[in-house]
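We just call them A, B, C and D in the order they show up, numbering each chain from 1.
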Amino acid sequence: MIRVAVIGYGYWGPNLIRNFTGTQGVDMAVCCDLKPESLTGAKARHPWLRVTTDYNEVLKDKTIDAVAIATPLRTHYQLAKQALEHDKHVLVEKPLAATSLEADSLVTLAAKRGLTLMVDHTFVYCGAVRKIKELVAKGDLGALYYYDSVRINLGLFQLDCNVIWDLACHDIAILAHLMEEEPVSVSANGVCHVGNGIENVAYLTLRFASGFIAHIHNNWLAPVKLRTILLGGERKMIVYDDMEPSEKVKVFDRGVNVVTKEDLHRALVSYRLGDMWAPRLDPTEALSLLCKDFVKCITYQERPISDGAMGLRVVKVLEAADLSMKQDGKGIMV
Amino acid sequence: MIRVAVIGYGYWGPNLIRNFTGTQGVDMAVCCDLKPESLTGAKARHPWLRVTTDYNEVLKDKTIDAVAIATPLRTHYQLAKQALEHDKHVLVEKPLAATSLEADSLVTLAAKRGLTLMVDHTFVYCGAVRKIKELVAKGDLGALYYYDSVRINLGLFQLDCNVIWDLACHDIAILAHLMEEEPVSVSANGVCHVGNGIENVAYLTLRFASGFIAHIHNNWLAPVKLRTILLGGERKMIVYDDMEPSEKVKVFDRGVNVVTKEDLHRALVSYRLGDMWAPRLDPTEALSLLCKDFVKCITYQERPISDGAMGLRVVKVLEAADLSMKQDGKGIMV
Amino acid sequence: MIRVAVIGYGYWGPNLIRNFTGTQGVDMAVCCDLKPESLTGAKARHPWLRVTTDYNEVLKDKTIDAVAIATPLRTHYQLAKQALEHDKHVLVEKPLAATSLEADSLVTLAAKRGLTLMVDHTFVYCGAVRKIKELVAKGDLGALYYYDSVRINLGLFQLDCNVIWDLACHDIAILAHLMEEEPVSVSANGVCHVGNGIENVAYLTLRFASGFIAHIHNNWLAPVKLRTILLGGERKMIVYDDMEPSEKVKVFDRGVNVVTKEDLHRALVSYRLGDMWAPRLDPTEALSLLCKDFVKCITYQERPISDGAMGLRVVKVLEAADLSMKQDGKGIMV
Amino acid sequence: MIRVAVIGYGYWGPNLIRNFTGTQGVDMAVCCDLKPESLTGAKARHPWLRVTTDYNEVLKDKTIDAVAIATPLRTHYQLAKQALEHDKHVLVEKPLAATSLEADSLVTLAAKRGLTLMVDHTFVYCGAVRKIKELVAKGDLGALYYYDSVRINLGLFQLDCNVIWDLACHDIAILAHLMEEEPVSVSANGVCHVGNGIENVAYLTLRFASGFIAHIHNNWLAPVKLRTILLGGERKMIVYDDMEPSEKVKVFDRGVNVVTKEDLHRALVSYRLGDMWAPRLDPTEALSLLCKDFVKCITYQERPISDGAMGLRVVKVLEAADLSMKQDGKGIMV
């Protein structure tokens, strides 16, 4: 039995408690939050739950095996570090930390102590992304050409990170999961309207050595909510629209074939327009699978998909994007 | 009566002939193409039409007042230059020329000779863009925040220009029409898959001094056809989806209001979620209005909306985008 | 303070408890269900809630002012009758009763005892229907022409009523709310596939004296889920798509104008194609408004919108539809 | 070489001429229309075309093998009868004739004289319907449950037939093509708003001996244009949306399985939610295939898909629908 403490009962904490409660092999033991009024809410929904405002109490409790941290980004590092130092396995809400230095230090610490460090990149566990991963891994798409993601909506403005740290974060993790290669450079452009100094409209481009290109459009000032990913390959192309109630993933048997170049002024390519297919997706809640994997990795000392290394890669790309935004889109090596 | 010659009977030429034929005050006189088989097709559809393979014949014909050039991009400059030198008004298919040097030289030549030089940026004349221009000009949107355009589909690969010169070209002209300010820098990333050396996936960002940002996504390798523009303003936001059979333009009374910053950790903004409104659009074919405007501008010596100056601005941005693509997204001043 | 008992803790009971708990002036006191295991679930979610398997206990408890019945249709009549006889106000899940005789008897009994009898036709309280009612009442649509509703999906097969009693029930209540006139005849066609003897595909037509026609398509065997209502009027037309995440109600300034009939073979009509407008809708949960109205009507002895009389009208139409289905679509007077 | 005359140069005639012109083995010889101004238009578009206002001239011309009639419905019978009597093969625009008596008489006459009589039920030749026919014929859908069609839009009001003769006509032909059984009864409800005495909103139900049910919703007063067909089967279900630019036909691996009935109050069915698949459709213009088939059937004395017998069946159903509408939806045997 893994005894889990959830740290932070804000937006995401309740989801962690609900899912850990339903996870076999888990004793969802304690909830910790600095604000007593948050804990009153937690207690009302889960009368059996132990609550505390004192993180030290959790750290010193040797019966607690693991902590799940769902607090503001700037606090991730200190909370995770202390937990690891007290020999607890750690699940951290995405992104892993506010800097790659911090993220790197957490990865090193967890490795040294033989503890599981996992990042809550929930999307990596959802039915749609798992199906896409399966198709990519089988080679159904052929050589990969591009990944294009649009994540836009009105709000919710974050206070301690810009729109890229909030939203592109998901895509960078998905890319780390799907691709066998890592990006070589990052180019980003962003602006801050509405004047709180944090970018709320941004565009991010990742270049890969193979020629593959990934692009992410994030916007907190958009009138409509869009969550659309295109993944183009040599043989098949995927459209994943997360706003669709069903048939979220569509696989198109479409492509372009190179035709022998006979004449500069004649068509060089021919087009293939075949069937479209929308595979059934596993509707299991992604977070429940992630919680299950966390427990399994602790128990069997395996690496979770969204381990500390993936978390670190994501933070490195986010940092490079910030740097590029300050230099008007200049490509930054990663 | 303005006597018009159409040069080039390929993809666009037939549309020009059909529209000039229906334009009051125009005598659609001659069609010129290097290929006799193209002229056979033209003759079959328009038995009354004079056809010729000899451009000089058109140039020397003093009864011809104007030429409309719909030939490959690389030929625009020579053909337009010769026409202007023979005192003919000129309409050139977009983009105006293959380089800004050529474009600039055409603008200067037309000005010197007092001739009308117009570029066929058809979109600027369509009902949707005219309605958006009207709303922007009235100030309904408030301060403008961003313009985001997605123009993607499978094919048609061009032989003498990349995907940006083919597709972003439309958006740069629309922006030149909508905005009172010009971009200060251009950043672009593009790749060439399928190996003919011409970029077929590209992303383009335009920065403006006011903080306004424009972004254009072009792709000839996409499994679906999308033509969507978002225009975000302080007070209203527009979604223009050209693939919709009706209600192409939707105006959202949505936005974000800055709330006095009392506390770093409290929400700084509030959201406004109001009505949506889809104005009726004029369904008149854009090209027919453009042809009409060409004739009117010749007759009354007025400036068309998509004049040579606009055509030159578009080419300058396209050139900067090419340069940026070669430098991994570096911002290029324009 | 109105003390409420919820009878039946199956699919709908939890929603009633949640909403009554949040309703001002309500003491959500007891939950009654025949199955002890259902009550265990209720207790887990609401530890403070009194539970019982004995309905008589509720009836005899003089501190209970009102009961909300969410049990299978065939039990509505007996449970509601007993509650009224014990001087309790009653809210019954839709439809009110299994026959119009039963429904009529409940209406009479409630009137005689001066008690509030309300039916849980939740849709009548949702933001979309309230907005449509407002537009109709203001006369914005002009004379009403037709109402067309499609409610189809895969499952959930009901055991004690057919697809019309399950789904058309909503539309008949909405019509009773929107229209000032009542239907004069009902014609229905239905079939039972999958062989449990209960119609799972059905079509229902309601004729009105004014010429207005209402039609409802219900299907439990459809591959896609649709919830679309068209409401056509002389001056405006509405499309209400409940599956849309936003802009559920669209008002079209479209219509047909009669042109003086000059010649049998010339067009007799002209078309008006104006703007479309999607008003912002109140997102408040419909059931919470219904619960609030129930309490208000008890307190001030007012009539709720979905009172017993509306519930009776709905049951009469459903009965007529069943009769028509047995006679191959013959019109049945109501 | 089959020499064809097209009778009537209104809405449909130009399409016939264009397609017959492109059909191998056809000499598109004459166009006949009562109105000289229509013929002027025909001549302008097809300068090589012989035109005449005198139908007798066509009838007496022994070099004309076949006539294609695209005139108002009330004239179909006389024109087709005369053509058959002059030993010409006949293609008639849908519906075949204004009454089943007339239609029957044409079928008999053609048979007696050994001539091809075909009805222009174009939909039967389109890529989508041919693909659906193929899937049904292979048994992929299993036993067929229902067909549901929505054909609605604003206008165009017809002068000599109601909305069912205009629009449901397509579906009745498609059904005749897809189904091996014929309907046993027809039930219809319709109303006439806007006051020209011709129904512009109507609902039509066809019952079949097997339990299969077909329903058609037609409306000339709808604010939006919809063209959607659902075809439900035991094993697969199809959604055919003709307004989609691509992926018009979607095949859902969805259904309901009967579970042994153990207990009246337990679920009797289980649901199957599998993949969706959108087969590539042949984009060839349906009318060109129909023209080709007309010529082939004349040449080889074969029966076209949409032969006179199908045309007669369609007219019989339309007549029954009119009769049912006059009796408030009463089922009429066919």
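In this section, contacts are C-beta pairs under 8 Å (C-beta built on N, C-alpha and C of every residue); 3 or more make two chains touch, one makes a residue touch a chain.
These figures come from a predicted structure and were not determined experimentally.
Keeping to the contact definition above, tell me which chains border both subunit A and subunit B.
Correct list: C, D.
Need the most distant chain from subunit B, centre defined as the mean of C-alpha atoms.
Computed centres place C farthest from subunit B.
Looking only at C-beta pairs that count as contacts, which pair of chains has more of them, A-D or B-D?
A-D
Approximately how many whole Å separate the CA-defined centres of subunit B and subunit D?
Centre-to-centre distance between subunit B and subunit D: 42 Å.
How many angstrom lie between the CA centroids of subunit C and subunit D, rounded to a whole number?
Centre-to-centre distance between subunit C and subunit D: 39 Å.
If you average the CA atoms of subunit A and of subunit D, how many Å lie between those two points?
Inter-chain centre distance comes to 53 Å.
Specify, in ascending order, the residues of subunit D that touch 2 or more different other chains.
Residues 224, 273 of subunit D touch two or more partner chains.
Which residues, counting only subunit C, touch subunit A once they are in their complex?
47, 224-225, 243, 245-246
Enumerate the contact residues on subunit B facing subunit A in the complex.
145-146, 148, 150, 152, 154-155, 157, 159, 185, 187, 189, 191-196, 201, 203, 205, 207, 211-213, 215, 217, 219-224, 230, 232, 234, 237-239, 252, 254-256, 258, 261, 264-265, 267-269, 271, 273, 324, 327-331
For subunit A, which residues are in contact with subunit D within the complex?
Counting only subunit A, the residues touching subunit D are 247, 253, 273-280.
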